[in-house]
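Here come two complexes built around chain A, the first alongside chain B, the second alongside chain C.
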Partner chain A sequence: MSIVIPPPPDFSSHEEEVPEFNPGASSRTWYQYLLILAALVFAAVSVGFVGTIIWNSAPEWAHHTGTLLGGNGWQSPAGPFGGLAMIVGTLETSVIALVIAVVIGLGASISIVFLIPRRFRNIVATFVELLAAVPSVVYGLWGFLVLAPWMLKTVIPWLDSWPFAKELFGSVGQQDGQSLLLASVVLGVMILPTFVAISREVIAVVPNDLIEASLSLGATRWQVIREVVLPTAKIGLFGATFLALARATGETVAVALIAGGVANVQFHLLYPGTSIAAWIATEFGEAQGNEVAALMALGVLLMLVNFGLSLISRWLVSRQRKVLAVV
Partner chain B sequence: MDQEFMAQVETKVATPSETLERGAAAMQLKNVAVSFHGRTAVRDCTFDVTKNRVTSLIGPSGSGKTTLLRALNRLHDLTPGAKVSGQILLEGTDIYRGDITVTELRTRVGMVFQRPNPFPTMSIYENAVSGLRFNGVKKKSILDEAAETSLKSAALWDSVQGRLKVAASNLSGGEQQRLCIARALAMDPEVLLMDEPTSALDPIATLKIEDLMTELKKRVTVVIVTHNMQQAARISDDCAFLLMGEDRAGELIEFDTTEKIFNNPIDPRTLDYTLGRFG
Partner chain C sequence: MSDMIDLVESPEPDTNLRDEIRQISDRVRRRRQLRSKFMITLCALALSVTAVPLFLLLYQLFDRGLPVILHTGFFTQLPQTPNLITPNATGGVSNAIIGTLVLSLYASIMAIPIGVLVGVYLAESVSKLAASLRVISQTMAGAPSILMGLFAFSFVVRDLNIGFSALAGSFALAVLMLPVIVISTEIAVRGVPHTLREAGLALGAKPHKVSMKIVLPAALTGIVTGIILAISRAIGETAPVLLVIGGGYINSWKPLDPVSALPLSIYENAKSEWPSLRTEVWGIALVLVVFVFVLSLSARIWASRKQQAR
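Our next item is the complex of A and B:
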């Protein structure tokens, strides 16, 4: 029996045409062009949007930055256009709203996750998310028609009975009750569902492992919440806070309806005031020339603030994910 | 439960060997059953957890080992619809009906979980003393001493001594698990429950924990759930074998010394399982 040695394979003959990988134009079909076109249009619209706002506000930034950021009083139509009242008003209403929303919202989130029976939990959570989706004009109307009369009748007489109430809050400036305080309260009610929706989720994803571990060490339920759940969820809760703050600073219609629309730096909360967003909305209709540029400049300011708040919020949420990833 | 049924139970469960001189029981289980929303998950568990011994719970998935273990420090209290029947005695006190609060019970019966779960926001030191802090200990000298002692008992002190303030998440998986053991030991518990404590660890980290357990049983009674039969054979003194019954509820098949369970069990199913014929 002879041993047959197979001939070595002949590699030289193996010269098939391998089609080159070419992602170039020739291989594309019409719908790919359409998709690329859509993307280009989107990019152009975005750049155009931001660009034109900045461009239109440029004259104001060039000549009156100081007035815009630090001046009080809005002299329509010739100017000067001081933006301080709006900036201060935005700060006041947003911060008070945030305090209201965080204090109530944190308690609500904790009880949704830990105290409400499992059956109702999803119903409540869905309801909260629906509340967050209610258009703000509805909140504004409610503030104007329901909350304002109630505050005039009940809350303000009670506030007035405090010592130094007048010095602190001033007295009611407008008959139908429009004021910075009213705007703050309505904003607080409005951003409450936003805050609860996110903070509830952040709290709910704290691993059960950690809760059981702390219970197994003899922790009470309250200690578990205070010393394990909240610290673990802390960063995400800050994220929820910043998102709620972003919503409060950008809110327009509700504040325009109930803040009173007076452009004057005001620290007495019972007096009327305004915010950046609300002022833009109410003044735009009749604005001309330099006033348009001033309003645009306020818009740029608001946009930057909101960009910043959203970025911080996203960064915090991603850090929270990292915290949970190591658990 | 009617008499007839009880009689069946009696005959079904093999009785432990009488020859062994048993020490005092740290925990006694009498006809323990756990059900969720009326569905029995595990039943008929009657055996003693003897002091200063390692008792392992073995059996295939679904046989109710973990469910039984979690009944021993009342972790089922949190689960809606969970019901524990029968009696579980800790030093003679019924832990469900007796004169003992659930927080006190849990300080006396500690638990280590399947996945290492140190508190991610706390440092190594804070993790070690977290149980004491939950129970109101504030004095720094006491906490410092407890941290050192418990970390030493968990064979972790030498490697973390210089970085106690570092976040616990910086430790390796095996170190994290030993930190969890230290955290439980800091409470100076009588019984330590361990739910597959090495299943998430590599072989070397596993060996270290196993060595630790043999050391630990001098001062604490250990009950361990394990999937790993070699582990049960290596480290446990007593062994409870559970199996899923026809109605999918786990039940105790046999309880005895580990040696007897692995070498000369009474029930043929125990032999089949330990020989690896199923499971």
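Our next item is the complex of A and C:
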């Protein structure tokens, strides 16, 4: 997917230490003007980024807000363009992926911090980072050409052989292996490194005093982890969860390849579906006129969700730092 | 706890009390330790499960990709579309390799100077602008990459009327790289010890001289690591370039020509009807993954070497 950037230390808390950057306007040099100019360019790019997408989606919001948020079915090229299938698909895939990533990732972070000897910790961390460095299209390719045929050949017949399979799963045998469930599992693998990168850090900074105190009272290792480490790191772990969720909502090509790309509200997880980002990727090439605006509107939706989750995550992780500063 | 209640109700508290307490506490301890071992094993299992997909994926990549890239002309020929007479003629991927290089080159030219300068600004300034840019850069760093594609499409392809081109693609990638470079530069510059800066100031150097001649060189390792990571992230991204580079079938270094890219040809070949193209795609994926791994591993190793040297 992408390189994981752990949130940088919270600089706002110790800003007083930093010598002030020459506030007297009289002595400003070309260098400082250059820095400010670059900052303004960056600000302009960011504002342009958000503004352009919102601006281009405006025609669709103006007339078809209801269809976009609640309509089912995408009638290309004339419309109406219903976004409900993509919204539901995004929710389903990212929530399942999140559950997978959090369950496995929490165990992995605990073992990286408490089980792996310090010498090997870097090697393990590098492995996890490599998992993050694999481009998302390669995960998509893997799911599309290896896992989906495998699902079709092995897993689905096996599920079909269960008693009452038809009643439970419907006629699953008809699909060609791509499904929301498979996309969610691959998505879970993809956001796992994001979760581990942050939760590992959050767990590692739980003060040793606390751990040693409870060990000295006779607690077992698991009791220390469950009663002391996890509660202390709770807020930061929520931060990691939100960041992983943000990543999951934005993941594009892997879902586009694996989920099957069917714009239909689908609660049957073994059936193909799509997500907002994947739908933009697959439909944009042939889109004309209103459809472009509709896809941009979906993009605005995605942006709002993603930015919201990122900001919540950032807030939680910085609060965790403050909590630990007090301990 | 229930064991404790048994203890109170025992009929002869005086004689056997000590033994009984020992027995019970042994039992409780054993149960607790068993539980602890079980949960710790589960955690270790979770860590090994994490490694499974990476190994499976790498195995598949090498198993299916190596024969493809050893095929003559894979790196040097242009792609061909298979037809019914020559269903196995796939040609090479020279256009995608050159396209990826071109895109990352132009994206770096756009993103690195601004990113580094903004990072230095954030590290050295305490203004309101800096505080808000910090939040913005962290939010943008996690933004879905498809949105960069939408931005580049509306702004470069349509509004500036440049059309589907390498320039539009590298603009999208530059927007993607910018926040990563900003964040890593800020961390690197903040990591430079204050004593260095103060020593420079005490010698009478102007603040901007200190910043350029002392702080920046000291932070260089961190800055370069961040830049390499940003590039390796940009190289692997499909979504932003998918919408704007046009997928050209020629070898071109010109910014206004439509180009292809490795991730894009993976995406398109994977969905192709031709089995030969679906075989070739593993070779392209292998090349891309090796590219990205070499970049990010070298950044990581270099950074840790320098850290030890310090």
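Following the convention adopted for this analysis, the second predicted complex is superposed on the first by the 268 of 327 C-alpha atoms of A that agree within 3 Å, B and C clash if a C-alpha of one lies under 4 Å from a C-alpha of the other, contacts with A are read in each partner's own complex, and residues count from 1 in each chain.
Note that in this section a contact is a pair of C-beta atoms (placed from the backbone, for glycine too) under 8 Å apart; a residue touches a chain by one contact, two chains touch by 3 or more.
Keep in mind that what you see is a predicted model, and the values were worked out from it rather than measured.
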Under the stated touch criterion, which partner chain does A:Pro231 make contact with: chain B (first), chain C (second), both, or neither? first
Between chain B (first) and chain C (second), which does A:Asp176 come into contact with in this model arrangement: first, second, both, or neither? neither
Could you look at A:Gln223 and tell me whether it touches chain B, chain C, both or neither (first, second, both, neither)? both
Applying the touch criterion given at the start, work out whether A:Glu201 contacts chain B, chain C, both or neither, answering first, second, both or neither. neither
May I ask you to decide whether A:Leu141 touches chain B, chain C, both, or neither, giving the answer as first, second, both or neither? second
Going by the contact rule set out at the top, does A:Arg118 touch chain B (first), chain C (second), both, or neither? first
Using the touch criterion from the header, give the chain among chain B and chain C with more contacted residues in chain A. C
Kindly classify A:Asp209 by the partners it touches after superposition: chain B alone (first), chain C alone (second), both, or neither? first
Overlap of the chain B and chain C footprints on chain A, listed as residue numbers: 220, 223
Can you list the residues on chain A that touch chain C in the complex? 2-3, 5, 7-9, 11-12, 15, 17-22, 29-32, 34-39, 41-43, 45-46, 48-49, 52-53, 55-56, 103-108, 110-112, 114-116, 122, 124, 126-131, 133-142, 144-146, 189, 192, 196, 220-223, 225-226, 243, 246-247, 249-253, 256-257, 277, 280-281, 284-285, 295-296, 299, 302-303, 306-307, 310-311, 314
Complex contact set, residues of chain B against chain A: 73, 75, 78, 80, 103-104, 106-107, 110-111, 113, 115, 117, 119-122, 130-131, 133-135, 169, 180, 183-184, 187
Spell out the residues on chain A that touch chain B in their complex, using ranges where they run on. 117-118, 207, 209-210, 212-220, 223, 227-228, 231-232, 234, 323-324, 326-327
Counting only contacts in the complex, chain C reaches chain A at residues 32-33, 35-40, 42-47, 49-51, 53-54, 57, 60-61, 113-115, 117-118, 120-127, 129-131, 133-151, 153-155, 159, 175, 178, 180, 182-184, 186-187, 190, 194, 197-198, 201, 206-208, 211-212, 229-230, 232-233, 235-239, 242-243, 263, 266-267, 270-271, 278, 281-282, 285, 288-289, 292-293, 296-297, 300, 304
